[in-house]
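Next, two complexes with chain A in common: one pairs it with chain B, the other with chain C.
This part shows the complex of A and B:
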């Protein structure tokens, strides 16, 4: 046997550096968020200078008040909110029954279907958005809620199907079978046995779809000419160089995402991640 | 056929809306884009003109190279950080819950917003330059740097490798939690008795890591590599926000050709090239690095 001192040198290094490294990573994860919020509540002297301060010196609500009363926030907010909600509702209606069927397919077929769904995600968004934009221009769907909902579903349907297949898979087939032996029709068994059992999974998936749609940028960019969604509003101020409006809008965009993500933390499994969270 | 329809009518009915939607709003657009890429915009006939045009464009070649560098660099950075964090979070310690929540923070931040935050940090008058400035001042004070040295703020968005690094860092910040969770799930599925056996045999940490953890983690790593590389090649929001026009990647280049120069056919050609790159990369990875084990 080799001397154990030599063997565990790496182990020792790990033991000593464990907490410092963990704190270092934690700081990196937190600092960008802190800076963002800090800029949105700082006075220009602390930010637009050669030497910005790290701490909040001159606190102010000015930028927030300006943004909240400017009249430009609410239309964008409403558009993002409505589109995200409609996208989530339609995604659930279309994807739930389909995922149930996919989850009951023979293993090999299921694998191919899921791979097919993944393939649609391999194509760059800018490629799909292009013919969609051309088509929607013809159909007069630019700047409309329904146009955006249709476009957001392109990305969200494969994502939610992926998640829901995993949810349905773990519900035992025997449950439906016994219901059907008791005289329930297949549809009845599905509605009163399978769906209620899958309800928590469906709810979590819906929230993730809502978030993805709320954050969506590429399709919104292609399909909007004058009515901005909230992410586009952020981008608009980035281009205009509005330092404080950008920070404030960005913070507003983040709040629901942060709240939901934090609340759903324990549901964050690799199933969900495999899909599309970006 | 009739019997098949009769037996499975419910299944077909349930899956039909999804299938039709994906067919009409995803599959057909993809084919249209590919066709657009092979269509000459003036004559309307099928040709390779768009690709010839792209090869001559300096911007396109740059975008091509930049996309590759960002993808490879990003992949290495994300997997390293994700693996370190996953190994850390696998350990049991008192404040684990708090640290786990902190490390997952970027998941609660939209990609676009992470770009904005990094804009403040990597601005010429930003917080990272300020940090570097204070460090140099400190070193001057101790006497490690000549007192005549003056720190010149770095312009991170000026293009070149700096900007690429900034974008790769931005993407890493955003997705490291996802990679961490993916790898953590893999780590937790490794049975504990394998480690116990290794300990009894007197294996060092490094040996255990190299001979047990890494091979058994391979399926999770494969999954992470494939998911992340697909997303990295298509990267769009971050370069759009962080670099504007100085560092085009293929996705932003495709957008510009459509929106700014009104060349949908060129844009279609770029998207097709991007798809081919992604497919080649995924296939090569599966064939030569993973040999199909990860997805089996």
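This part shows the complex of A and C:
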């Protein structure tokens, strides 16, 4: 009796505080983004003061125009976008079948393989970037898209394989067996039954790889000479001290992230497997 | 898998490989067509414009060469050159590098010994700039661009409280106390990030008191640390986070009214930020003298430079009177030559004068192999004495011994 009263109270507290808390935490996450955008479209007088205003008072496109017409944005944008997209494509092509196989291995073997995957991620990028860069330079991969894609794959493949192993593990083997009883080959069962059911996990993995590659800095720094990626451009402006161009570049950096996240979020469903087994 | 899906997958892969092969081929094709001199510099956007439109074309025309400029920050240059050096594929012909970050380039064997080209240094080069490029009696770097920190101040705020920029330590303390008293928070900042930024300021304070930072427990060093300990409570809380980058922000957003920084801050704060009330002067004197740390950039040639001969010519070109005059006029950079005169823009003049004034009392940092130990000892002593309030003499004795041991 007492416990049900307590539960009711807790439920009421949750009901009452849910939306205020939701708004509060959303604001905490959104305010830095707002400030970034605000600085990029404000005149210096609004920003370079002891008490900057929260709202935009003196609006200007000057910083955006400067960045958009500088001739430095589009090559960096193109490089970042191409590298992130290719990294995501290759990572999915390689990691999906690998993860499926690992997920179907005997438990002990699977554990060792997954530990092996994590072992490769135990070393910080800064520590291994130099020897990797040396190797890539020997292969003439400096300042090339393929060099950066390969470097990003080193970092991303173990991570997304691990995510996808988890995804395939929860798809019951009985589902494949049922398809095969109905006459499907193993490959057909994989393509028509397993992969569609794994779509949410694959979407999450794609999203992760794309975002990680888009934001990646260390390898880009080592392997870029003439053409920067967008994070390197932001770094350049941070180093050179221009507040407004830094904010503008950083805003531009976040736009594709928002677009890609929005495009993929429709695949992120939690109850995909409900009632799938015959 | 149905036929349609298989074809789509195949096409995606073909397209991908086509893009990749296209991307890797362009550089080789370009290099076959024209001889390229690859130059590494760390410049702002407007500075690159001047380089690319006014300076490089002269050399390109004279030598029938194409200059490909790459932007590499001073701190990243070492790792990038190291990677190229280890791979046996040096992709950069010539560098200009911050003179505060030279030791590692020499220690790791990344730059050529330029002693045989010593005669190329023009007669009129400021003599103090030459030792900056010398290590163990060998010349690794040529003089290019002197630089020095100037002291920025918010003229409006100084006028508001009827005070003037400090000319000595006593006045500095008075200014710091006045701001703290009037506003309840310190408005004078020093760079207290306990890294190379702080080291530069500590060198200045110690030398201003007649001390030697490599000794550290001499009378001058004791005076300097004692003064900083007294000054610290009246400084801005931003001091702990103030470095070469954030100092601009603190000055521009008026959380700091007085602080020293490199002159590039003028472009960020005054030109881009429109904060015309931020002025600059050459700084203050200590009990013994005025002293500033000589910064700036030098020219080096990486080991394995693919076009060394051309790089040497370019080095000479950068030190020439004509180029130095262009750098003064177009960039507002002080010249490394005493005979190069240029006309800076009107708005830049007061800042340029402050730089010139500060340069007169500037001294280079010593090029010692145990530099990392000195750097750490100075900063650790600062933390313990100034921030944590420990005894000056005892602490300095401790760190003086650390430096003395490293010397051996």
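Operating definition for what follows: the second predicted complex is superposed on the first by the 215 of 278 C-alpha atoms of A that agree within 3 Å, B and C clash if a C-alpha of one lies under 4 Å from a C-alpha of the other, contacts with A are read in each partner's own complex, and residues count from 1 in each chain.
Everything that follows uses one rule, which is that a residue touches a chain if its C-beta (ideal position, glycine included) is under 8 Å from a C-beta of that chain, and two chains touch if they have at least 3 such contacts.
Since the structure is predicted, the reported quantities are computational estimates derived from the model, not experimental observations.
Asker: By the touch definition at the top of the document, which applies to A:221: first (chain B), second (chain C), both, or neither?
Answerer: both
Asker: May I ask you to decide whether A:238 touches chain B, chain C, both, or neither, giving the answer as first, second, both or neither?
Answerer: In the superposition, A:238 touches chain B and chain C alike.
Asker: Please indicate which partner A:30 is in contact with in the superposed arrangement: first for chain B, second for chain C, both, or neither.
Answerer: first
Asker: Tell me the contact category for A:157 with respect to chain B and chain C: first, second, both or neither.
Answerer: In the superposition, A:157 touches chain B alone.
Asker: Looking at A:134 after the superposition, I want to know if it touches chain B, chain C, both of them or none. Which is it: first, second, both, neither?
Answerer: both
Asker: Tell me which partner A:68 touches in the superposition: chain B (first), chain C (second), both or neither.
Answerer: Touch partners of A:68: none, neither chain B nor chain C.
Asker: Quick check on the superposed pair: does A:173 touch chain B, chain C, both, or neither? Answer first, second, both or neither.
Answerer: neither
Asker: Per the contact definition in the header, classify A:187: touching chain B only (first), chain C only (second), both, or neither.
Answerer: In the superposition, A:187 contacts both chain B and chain C.
Asker: Go through the superposed model and pick first if A:49 touches only chain B, second if only chain C, both, or neither.
Answerer: In the superposition, A:49 contacts both chain B and chain C.
Asker: So which one touches more of the residues on chain A, chain B or chain C?
Answerer: B
Asker: Could you pull out which residues of chain A sit against chain B in one structure and against chain C in the other?
Answerer: 47-50, 52, 93, 130, 133-135, 187, 221-222, 235, 238, 243.
Asker: Residues of chain C touching chain A in their complex?
Answerer: 1, 5, 12-13, 16, 19-20, 23-24, 27, 42-45, 68, 70-73, 76, 79-80, 82-84, 86-89, 91-92, 245, 248-249, 252-255, 264-265, 267-269, 272-275
Asker: Which of the residues in chain A end up touching chain C in this complex?
Answerer: Result: residues 44-45, 47-50, 52, 70, 82, 86, 89-90, 93, 130, 133-135, 137-138, 140-146, 149, 187-188, 191, 221-222, 225-226, 228, 235-236, 238-245 of chain A touch chain C.
Asker: Okay, in this complex, where on chain A does chain B touch?
Answerer: Chain A reaches chain B through residues 1, 4, 7-8, 10-11, 14, 18, 21-22, 25-26, 28-33, 35-36, 39, 47-52, 54, 93-95, 97-98, 100-102, 104, 117, 120-128, 130-135, 150, 153-154, 157-158, 161, 186-187, 214-215, 217-218, 221-222, 231, 234-235, 238, 243, 246-247, 250-251, 253-254, 257-262, 265, 268-270, 273-274, 277-278.
Asker: Which bits of chain B are touching chain A when the two form their complex?
Answerer: Going by the criterion above, the answer is residues 10-11, 14-15, 17-19, 21-22, 25-30, 32-33, 36, 81, 84-85, 88, 91, 99, 101-121, 125-127, 130, 133, 153, 173-178, 181-182, 185-186, 202, 204-206, 220, 223, 227, 230-231, 233-234, 236-237, 240-241, 250-251, 254-255, 258-259, 264, 267-268, 270-272, 274-275, 278-279, 282.
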